[in-house]
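Let me begin by presenting the structure, written as C-alpha cells, before commenting on it.
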Amino acid sequence: MEYLQHLLIMVMIYACLTVSLDLNIGHAGILSFGHASFYGIGAYTTAILTVYAGLDWFTAMVLAFAMGAFIAVLIGLPTLRLGGDYFILALFGFSLIVTSLIINMEWLTNGPFGIRGVPRPSIGSYQVQSGYGMLGFIAIMTAFIFFVHWRFASSPMKAALHAIRDDESVAMSLGINVVRTKIIVFALGGGFAALCGAMGAFYFRFVSADGYGLQTIILLWAMLFVGGNCSLLGAFVGPAVLMLFPELFRFIGGQGWDIGHIQEALYGLLLILLMMFRPQGLVGNKVGLRA
Amino acid sequence: MTAVLDVSGISKRFGGLAAVDNASFTVEEHTITSLIGPNGAGKTTAFNIVSGFLKPDSGTVTFAGQPIEGREPHDIYRLGMARTFQDPRVFQEMTVLDNVMVGVRQKGEAPFWAIMRGAKVNAQWKAARERAERILEDVGLLARAKEEASALSFGEQRFLSIARALVGEPRIVLLDEPTVGLDRSTFGKLVELMKNLVTKERKTILLIEHNMDVVMSISDKVVLMMQGTTVASGTPAEVRGHRSMVEAYLGKRHVAASQ
Amino acid sequence: MLLLQLFIDGLASGALYALTAVGFAIIYNGTRILHMAHGAVFTAGGYALYIAVKLLHLPMPVAVIVALASAAAFGVLIDLLVYRPLRARKSSEAALFIGSIGALTLCQAVFALIFTTDTLYLRQGPLPLYDIGEISLTIMHIIAAAIVIVVFPILHLFLTRTKYGRAIRALADNPKLSVVRGVNVERLYMLIFAIGSLLAGFAVSLIAYDLGVRPEMGFPVMFVSLVAVIVGGVGYLPGAAAGAFLLGLLQNLSLWQLSGRWQDVVVFGALLIFLLFRPAGLFGHMLSTRRV
C-alpha cells in the first residue's frame, strides 16, 4: 500500500511538472530545456529557506515559486528574443550551470551531500505526517496547479499564446507583445516547475544534486510527448505511463536487469517514434508540433 | 480631408540594394489609396516600414499625428493600424473563429485575469466573440466558424486573414495584394467588401494591388512606386496618364506583346 | 611555466573540439538540424576503436581507419533512420531536434547496456613526455596538431574545388533547395553526415586512445562543439574552428585560477555572455530570427 502511495505521489508531481512544461512547449512553442533546473531551484530554495533560514513551509513554497519565476525572467530576457536554436542551446547551458553550481556552492547547498531535514507542511496545529497526509497535500497542490493551467487554456490567453507559437510575425501584427508575453509565460513555467520542486522537497524531506539534470529533462520531455501537447489529460497520461513502466519490468521478473538504462533507451526510442508516428501524443490535441 | 497617414522620405537598404529609396505619400481618412508598381518596386518593404516590422534607415512615418517610425508592430496595431501579409498566413490549426479572435486585445490575456476572470473580463471576452462573429458574417465565413482554418480554400483563408485584421476596429488597414489568387466570384466579393469598409464602416484602406482594373475603379488615390521611389501620385485618371505609368506597365506590356 | 603549459594543453583540446565543432557545423549549416546525436556518433567511434584494438587485435593504423569509417557510417545511419523519415513527414525543426535528442539518449543507453558504464581503457600507464624547455608535450599534442594541419586544408580543398563540396556549400546558403547543382539533396545529406561524422571520428580516436571510452563521453564534447559554433558564428566553418580553439584555451587557462570542477560554468558562462552581447558570434554571422 505504501508503495502505491509513493507511486501516486510521484505521478502527481511529474504531472504538475509536465503540465507546466506544456504551458511553455505545447502552448507557447518555447522549447525549454531548463525545466528540470527550475524544478531543482525550487527544491533547493525550499530546503535552504526551511532548514537553514527557519522559514515556515508556506512562505518557503511561495518564495520558491518566486525564485523560479525570477530566474526564468533573468535567463529569458536576453535569450528569448534570440529565438530558435540559440534559445535551446542557451537553456541547455543554463541547466548544466545550475547542476554545476548546486554541486560546487557547498556553503549554500552542502554540495554533493544535499540538504536533509526539510519539514513536512503543517496547517494550524495539524502537522502532515503520514503517507496519507502527504498524499492529500500533494493531491491538493496538484488540483491547484491543474486548475490554474485549465484557466490559462480556457481563456483568451490561449489564443494569444498559440498565435505566437504558430507565427510570431502575425501575432505582432495583431498587437500582441510577443517578447513580453513569452517572458511572462516562461516565468510562469519556471515558477510552477519550482513549485513542483517544493512539493518534492516536502515529500522526500531531502534534496540532492542529482535529479535535476539532463536525465530529468529527457524524462519530462518524454512524459510531455507521450501524453501529448496542449492537453491536461495528456499531462497525467504521460507520467502515469512512464512511471508504471519500471513496475512492469518488476512484474515480469526482470530483476537482474539494468532497468535504469533500459528505461533511458526506451525514452529515447519513444521520442523518436512519437515524432515519426504520433507527434500529438497518446491523448493530445492535434496542435503542438506543427509540420 | 486630413491625411491620417503621412509617409515622408523613407528609405531602406538591404545590403547594397535600395529596396525603398526616399519614398513619400499620404493617405487621407475614409479613402482607398492604392500603392502600385512593378514587382520588386519596394511596396511590401514600404508596408513593413509603416507597420513597424522594419526600421527605416531614414524618413518619417506619421500616423494620426504621431511619429511611429521605428516603433514596435504591436504598438502600432494598438494605435489603430492593422495589416495583412502577402500570403494569408492564417493559424492553420485554430478554428476560423479563434483565428479572428486572436486580433482582439483584451484583459483576459494576462495570466492573472485568465485565472481570476470576473464580470468585466468575461464581458470583454463575450463582446470579442460577438464582434468576431459579426466580422465573419461580413466576409461570408460565419457558417464555417467552428471549422479548422486549414479546411478553408486559399481564397477563404485570404478573407479570414482580412477579417482577422479588421476585428480590432483599426482606423486604417494595410492590405498587401489581397486579390491575388482569387477566382472571379470571390474577387468581386472582395472588391465589394473593401468599398463597404470605406463607405459604411468609415475605415481607411491602403492597398497594394496589381490588378489595374481594381485599382482604377475603387481607388480614391493611386501612388506609383518604381525602384523604391514614389514617382507619381494622384487620382486614378491622373496617374494613368503619367508617363512613368507607361514605362512601368504599358511599356512592358507593349514589349511583351510585340515579342 | 604553468601558464604556457596550460596554453599548449588548451590548443590541443581546442584542436579536438575544432574537429567535432566543424563536423557539427557542416551538418548544421547544410541541414539546419541541431544534431545533438553528434555526441552519440562520437562515442560510437570510440567504441569502434576499442573493439578494433582490444577485441579484434587489429594494428593501430587499421583500427583507427575502422573507427573513422564506423563514425561516418553511424552518422549516416542516424540520418537515414531518424532524420530522413521525419523529413519525409515534413516535420518541423522542433520535431527533428526532439528526434535527435531521442537518438542521443537511446544510443547512450544502449552503449551503457552493451559495454557497461565503466571506462574501457585502450592502453595502460602514463604517456611518454617530451620536454621542450619548460613545457612537456605528449604524443597526443603532436598528433592533434598534425591532424588539424592535414585535415582542415583537405576539407577546404574539398569544399571549394570539387563538385560535391561546392554543392554542400550551395546547400548551406540555401537549405530549402531540393536539387543542388545537379545533386539530389537526400544524397547530399548522406555525404554531409558522413563528412561531419568523420571529423568527429578523428577527435574521438585520439581521446579514446588517451583517456578510454565511456557511454556518455560524447555529450560534453558535442556540447562544447555546439557552443563553439555559436561563439564562432553560425554558418561560417573557420568561425566554428576558432570558437573551438577559444573554448579549449578558456577551459585550460581557467585551471590556472579555478579548480576543474568549474569548467562547465566557465564554458557556458562564455556562451551566455556571447549570447548576451554578441549573438552573431566572433565574426558576425547569424541566422535571421525574425521573418516578416
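A, B and C label the chains in the order they appear, each numbered from 1.
Operating definition for what follows: a residue touches a chain if its C-beta (ideal position, glycine included) is under 8 Å from a C-beta of that chain, and two chains touch if they have at least 3 such contacts.
This structure is a prediction, so every number in the text was calculated from the model and none was measured.
The central chain of the assembly on a C-alpha centroid basis is A.
Farthest from chain A, judged by the mean position of CA atoms in each chain, is B. Centres computed as Cα averages put chain A at a distance of 31 Å from chain C.
Rounded to whole angstrom, the centroid-to-centroid distance between chain A and chain B, based on C-alpha atoms, equals 42 Å.
For the pair chain B and chain C, the distance between C-alpha centroids works out to 48 Å.
Counting partners per residue, chain B has 53, 85 as the residues that reach two or more other chains. For chain C, residues touching at least two other chains, in rising order: 292. Residue numbers of chain A whose C-beta contacts span two or more other chains: 169, 290. In the complex of the two chains, the chain A residues touching chain B come out as 148, 151-152, 155-157, 159-160, 162-163, 166-167, 169-178, 181, 184-185, 188, 286-287, 290.
Those residues of chain A whose C-beta lies close enough to touch chain C in the complex are 29, 31, 78-79, 82-86, 88-90, 92-94, 96-97, 99-101, 103-104, 168-169, 214, 218, 221, 225, 258, 261-265, 267-272, 275-276, 279, 289-291.
Chain C makes touch with chain A in their complex at residues 34, 82, 85-86, 89-99, 101-110, 112-113, 219, 223, 226-227, 230, 261-262, 264-265, 267-269, 271-272, 275-276, 279, 287, 289-292. In the complex of the two chains, the chain B residues touching chain A come out as 51-53, 72-74, 77-78, 82-83, 85, 89, 91-94, 98, 101-106, 108-111, 113-115, 117, 125, 128, 164-165, 168.
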